[in-house]
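When the chains are written out, they are named A, B, C, D, E, F, G and H in that same order, and each has its own residue count from 1.
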Amino acid sequence: MQNEHLTIAGRSYPSRLIVGTGKYPNFDVMRQAIEASGAALVTVAVRRVDLTKRGGESLLDYLDTHKVALLPNTAGCYNEEEAVRTARLAREAGLSDLIKLEVIGDEKTLFPDNEGLLKATRTLVKEGFIVLPYTNDDVVVSRRLRDAGAAAVMPLAAPIGSGLGLQNPANLRIILEEIRDIPVIVDAGVGTASDASIVMEMGADGVLMNTGIARARDPVRMARAMRLAVESGRLACEAGRVPRKLYASASSPIEGTLR
Amino acid sequence: MQNEHLTIAGRSYPSRLIVGTGKYPNFDVMRQAIEASGAALVTVAVRRVDLTKRGGESLLDYLDTHKVALLPNTAGCYNEEEAVRTARLAREAGLSDLIKLEVIGDEKTLFPDNEGLLKATRTLVKEGFIVLPYTNDDVVVSRRLRDAGAAAVMPLAAPIGSGLGLQNPANLRIILEEIRDIPVIVDAGVGTASDASIVMEMGADGVLMNTGIARARDPVRMARAMRLAVESGRLACEAGRVPRKLYASASSPIEGTLR
Amino acid sequence: MQNEHLTIAGRSYPSRLIVGTGKYPNFDVMRQAIEASGAALVTVAVRRVDLTKRGGESLLDYLDTHKVALLPNTAGCYNEEEAVRTARLAREAGLSDLIKLEVIGDEKTLFPDNEGLLKATRTLVKEGFIVLPYTNDDVVVSRRLRDAGAAAVMPLAAPIGSGLGLQNPANLRIILEEIRDIPVIVDAGVGTASDASIVMEMGADGVLMNTGIARARDPVRMARAMRLAVESGRLACEAGRVPRKLYASASSPIEGTLR
Amino acid sequence: MQNEHLTIAGRSYPSRLIVGTGKYPNFDVMRQAIEASGAALVTVAVRRVDLTKRGGESLLDYLDTHKVALLPNTAGCYNEEEAVRTARLAREAGLSDLIKLEVIGDEKTLFPDNEGLLKATRTLVKEGFIVLPYTNDDVVVSRRLRDAGAAAVMPLAAPIGSGLGLQNPANLRIILEEIRDIPVIVDAGVGTASDASIVMEMGADGVLMNTGIARARDPVRMARAMRLAVESGRLACEAGRVPRKLYASASSPIEGTLR
Amino acid sequence: MTIQLNGKGYEAPTGITVLGLLESIGLAPGRAAVEVNGRVLRREDFRRVSLAENDRVEVVHFVGGG
Amino acid sequence: MTIQLNGKGYEAPTGITVLGLLESIGLAPGRAAVEVNGRVLRREDFRRVSLAENDRVEVVHFVGGG
Amino acid sequence: MTIQLNGKGYEAPTGITVLGLLESIGLAPGRAAVEVNGRVLRREDFRRVSLAENDRVEVVHFVGGG
Amino acid sequence: MTIQLNGKGYEAPTGITVLGLLESIGLAPGRAAVEVNGRVLRREDFRRVSLAENDRVEVVHFVGGG
């Protein structure tokens, strides 16, 4: 395990934390939070230009694309066709092959439609995209995504924006044991710093989050917390934790006490 | 909440992490780990000099007491008298009034004897000690320790050296709501980085640990992880986490999707 | 909610507990355990007759099919074709349309291949089967199985035979809120009695288990425990539990105490 | 382990469930719930007679003391003296030596004052009482209560009336391993049926509850659920559960599948 | 005479026994316990013990509790 | 003639029916299901259907499973 | 002529190029992607491609998202 | 003379001071604490206090602990 860099499809990013750009109080807070997070990859959504609002500020005015690479998503797509179409538009808008692929299967949970996701992954891989699919914690699906050419798999910790933290450690552990040749990036559901360290300690290669930072009371401070949490969790994973025991083990020597 | 400093009895320490000095592979690893941890307070035990081993290396040769203050403990004491006697010797050995007070009630769990602990606290407070009592997660006892003049209360997360992490979040939450005038420092049971961030996120003022670092596969790296975890947890506490919800909340806007 | 009966495809079974017939020490223990469990539906597997072992005892000698209905499974099938073929054979062997449909996607976890499962469900529903598909805790898949005509959905609590109990309560809760017109039967992963009551309390319509009973030290006693656990969980669900609170609420009146 | 009877100080009670008599909608529901619970011991509080309400119904009119024995408590007592005085009055009121001893140390949590509890236990044991002390989950205190002559120890699962269920399984496990000569009865905090089965499965000798039944939407039904839960948990404990594993273990044979 | 009954002043006939007091307040003696001036009485003594001016008397019984 | 029975070669009299086969291997017809060349037979056809050289025959029954 | 721009009717000069359209709606061409009749255009083609009556045109850009 | 040093008999010159004792066992006085007959000494008294036959002396220092 190497600490600081996250390598996706041969490109190395100097942070294991990927952050979103949605739901901030304003663009300025977003800019500061992204800087505090240390993220080198930031997700963006693809949406129709609103013709009724001309000349307003644009997201890209607040992102220093020399420092952070854009990772467009296909959020809001409910089938293969929409997702593929959105990915193609994203490629032209950003001049990059990276795509965070979402094919949503349910409006209330925003859980993925894994069947559509697999099809879209196959199509986009053939077109040369670097596909990072958002999926749930199903090792069967993760393996198929990998076999379909995904550059990483991105299982959720909990529903998008729920802030629940990792709901099924057993399933994540199983995925981490099975998927060893491409990164496993936990995407969605992180609510606070320890939620991020927990998945990094288990061996995840990275964490992607948006709401947990953007909707915190103080997003910039939470971004710093998340940065440290991801680093901390990674270090702890590498350092090899002590085993768990039901009973105590003294830290101070037993010999030489006064009696 | 102020982030970086931990104030005990009017003295300010530039780290919220307190680390022990026991159970390291050797003194050199200990020295490096303490430095990596950023701790400003380190615990030491008081033991009889071993007359059969003259001229060996001494713990203090490896501690830079200009950078870290010593916090002697009364580990291994099973009643008030032993603990008070050990505290008095510690004061002469270290020329400082700080004492981590342990009165142990059970050999297998190293859980405290709270009755003896309270008595020893009262005695030592009268003698001018700054008493930091190690106790369990019982709010009734914590309040009495505070009322007896303890400079902080130090409830355990789990048995000493067990690495189990916080076992009873409800009890810690109750203590944190009740004890607001002196620091609450979680002492014992931390196994990995997220264990430390979890208690800091809940509002603990500090964390004390030994085994979690000293017995990690790579203690120096784990020390760094713990430093970041404590900072991260504190920041997250201050930043105000998002609420937990069962269902999802989209991070990307719903308007403007292609359909 | 009605307590005792489980209704599947218009047929009513006088127990909400479904038990397996595999992995018992011997047929006699199995027979006693099934009786102790009170189950009205028992699963069986379909396997080639072993021509080298003539005249041995047969499973059916130990099942009183006047008391329990057989629910053949397609365990061991790794694709739609195998599962459909096995289901058809099962129908002829048992002269019943009930089928517990398994399409396995992974040997180590025995997690389902949901894509194959959906296809096999559609095929078998057309052929008149009453299809009870074993699946994971993915609400998107559960809804599609229902829409494909499944007579129930059977999400797992944890991997088959793992004994871990419910790993993701949030996901089960979501499925229970969404799937209201056909039964939700939790299948697999139950390790002890409380694991069964927990899912029943959440509102599951039934529980299916095998290893938890068959491999207990005393299978007959565990079968009785499971029977009571399912009844108990169902009753508690209907009775409406008290809300959770962090602080106490006295059970004895405060007025009239001696002071 | 013997299933059905709970033996305290040489007397045998035909149920491991002890229930309270407070907080019911009315006496009639209470009477039915107690009957449904199967309890053989019911707790009652000791309070001043209200001189302004003459001739009203009395609790005892609704308790069949041929079927259930009374276990008076010292709820609401905040020190040794109050508790001892209340116990002595209870003995005269009920003509029985049984006392559920409570010495409360905190109004919000109703957590015990263990120091006062120990003193009161010693006093009452000398006076011939059969003392069942309500305490927290501290093995050091439990051992001292036993050594002081308590007839059982009654650690809490969670704050009285909180409905949180067992908060610290490690601490209960430690108590159960240490206290083997007198019963360990889990008292307080049970919210629903599985909460009761969980502690019974761990090896508790009994469970005492009040709010969980009395304040359920349907107390009588919840009482029945609790009765089955206690029996179920006890049976599961005796039956010896399967070990937990991360991965699956097939219930159906692997040989003989169609391929 | 006036006694302190359950914390409040109470007028009772001079020399009344505990049993008499219980009857006067409508309480079956088999369901109450009585403390006089801090000392708990045995039930068989209710008939025998007379109360005096200013006695502090507590009369308790069982109520619902957990 | 030789048929493939449950994946292995098996010698059977020419023209044997499925019912005859089941009897010859000691199996009650009410407890087995039979597939011949990939097609599942109805139980009432066991008596009627004759097997031919090289037929692939699967005979299955219920065993313990979960 | 009328085109369908982002799902709504939009009046544009006959024969306008995609680049012209972007300019007319005040959008920097480097920050938008354009789909015409379901086909995504390469950015270097914005100058070259002219629009015709009833063309369905989608103009998208990046917004905040997660 | 013989003193009890850390629980064991120890031969020391008659009238030795605590400081002398520490030197004889090779211990820097700044790193030890000393108890004589159950009373903890101030460090500044090491030079002044002489030991007598059978004195119970405890010499402690800091070691690694948690």
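Rule of thumb we're sticking to: contacts are C-beta pairs under 8 Å (C-beta built on N, C-alpha and C of every residue); 3 or more make two chains touch, one makes a residue touch a chain.
This is a predicted model, so every value here is computed, not measured.
S.K.: Going by the stated contact rule, which chains contact chain B and chain D alike?
M.R.: A, C
S.K.: Could you find the chain whose CA centre sits the greatest distance from that of chain H?
M.R.: Most distant chain from chain H: F.
S.K.: Taking each chain's centre as the mean of its CA atoms, which one is most distant from chain D?
M.R.: Here the answer is chain G, farthest from chain D.
S.K.: Using mean C-alpha positions as chain centres, tell me how far chain B is from chain C in Å, no decimals.
M.R.: Whole-Å distance between the two chain centres: 47.
S.K.: Rounded to the nearest whole Å, what is the centre-to-centre distance of chain B and chain G, using the mean of the C-alpha atoms as each centre?
M.R.: It comes to 62 Å between the two C-alpha centres.
S.K.: Using Cα averages as centroids, what's the distance between chain E and chain G in whole Å?
M.R.: 96
S.K.: How far is the middle of chain A from the middle of chain B, if each middle is the mean of its Cα atoms, in Å?
M.R.: Computed from C-alpha means, the inter-chain centre distance equals 33 Å.
S.K.: Going by the contact rule already set, what residues in chain H reach two or more other chains?
M.R.: 58, 60, 63-66
S.K.: On chain C, where are the residues touching two or more other chains?
M.R.: Where chain C meets two or more other chains at a single residue, that happens at 20, 22-23, 45-48, 73, 75, 85, 89, 108-109, 111, 159-161, 164, 170, 174, 210-211, 214, 246-247, 250-253, 256, 258.
S.K.: By the touch definition up top, name every chain pair that qualifies.
M.R.: A-B, A-C, A-D, A-G, A-H, B-C, B-D, B-G, B-H, C-D, C-E, C-F, D-E, D-F
S.K.: Give every residue of chain A touching chain H within the complex, in rising order.
M.R.: 250-253, 256, 258
S.K.: Sort out for me which residues of chain A touch chain G in the complex.
M.R.: 20-24, 30, 43-49, 51, 54-55, 58-60, 70, 72-73, 75, 85, 88-95, 160-161, 208-211, 214
S.K.: Name, in rising order, each residue of chain F that touches chain D in their complex.
M.R.: Contact set of chain F toward chain D: 58, 60, 63-66.
S.K.: Per the contact definition, I'd like the list of chain D residues that touch chain B in the complex.
M.R.: These residues of chain D touch chain B: 105-106, 108-109, 111-115, 118, 136, 138-141, 143, 158-159, 162, 164, 167-171, 174, 178.
S.K.: Would you pull the chain G residues touching chain A in the complex into a rising list?
M.R.: The contact residues of chain G facing chain A are 5-8, 10, 25-27, 31-35, 38, 40-43, 58-66.
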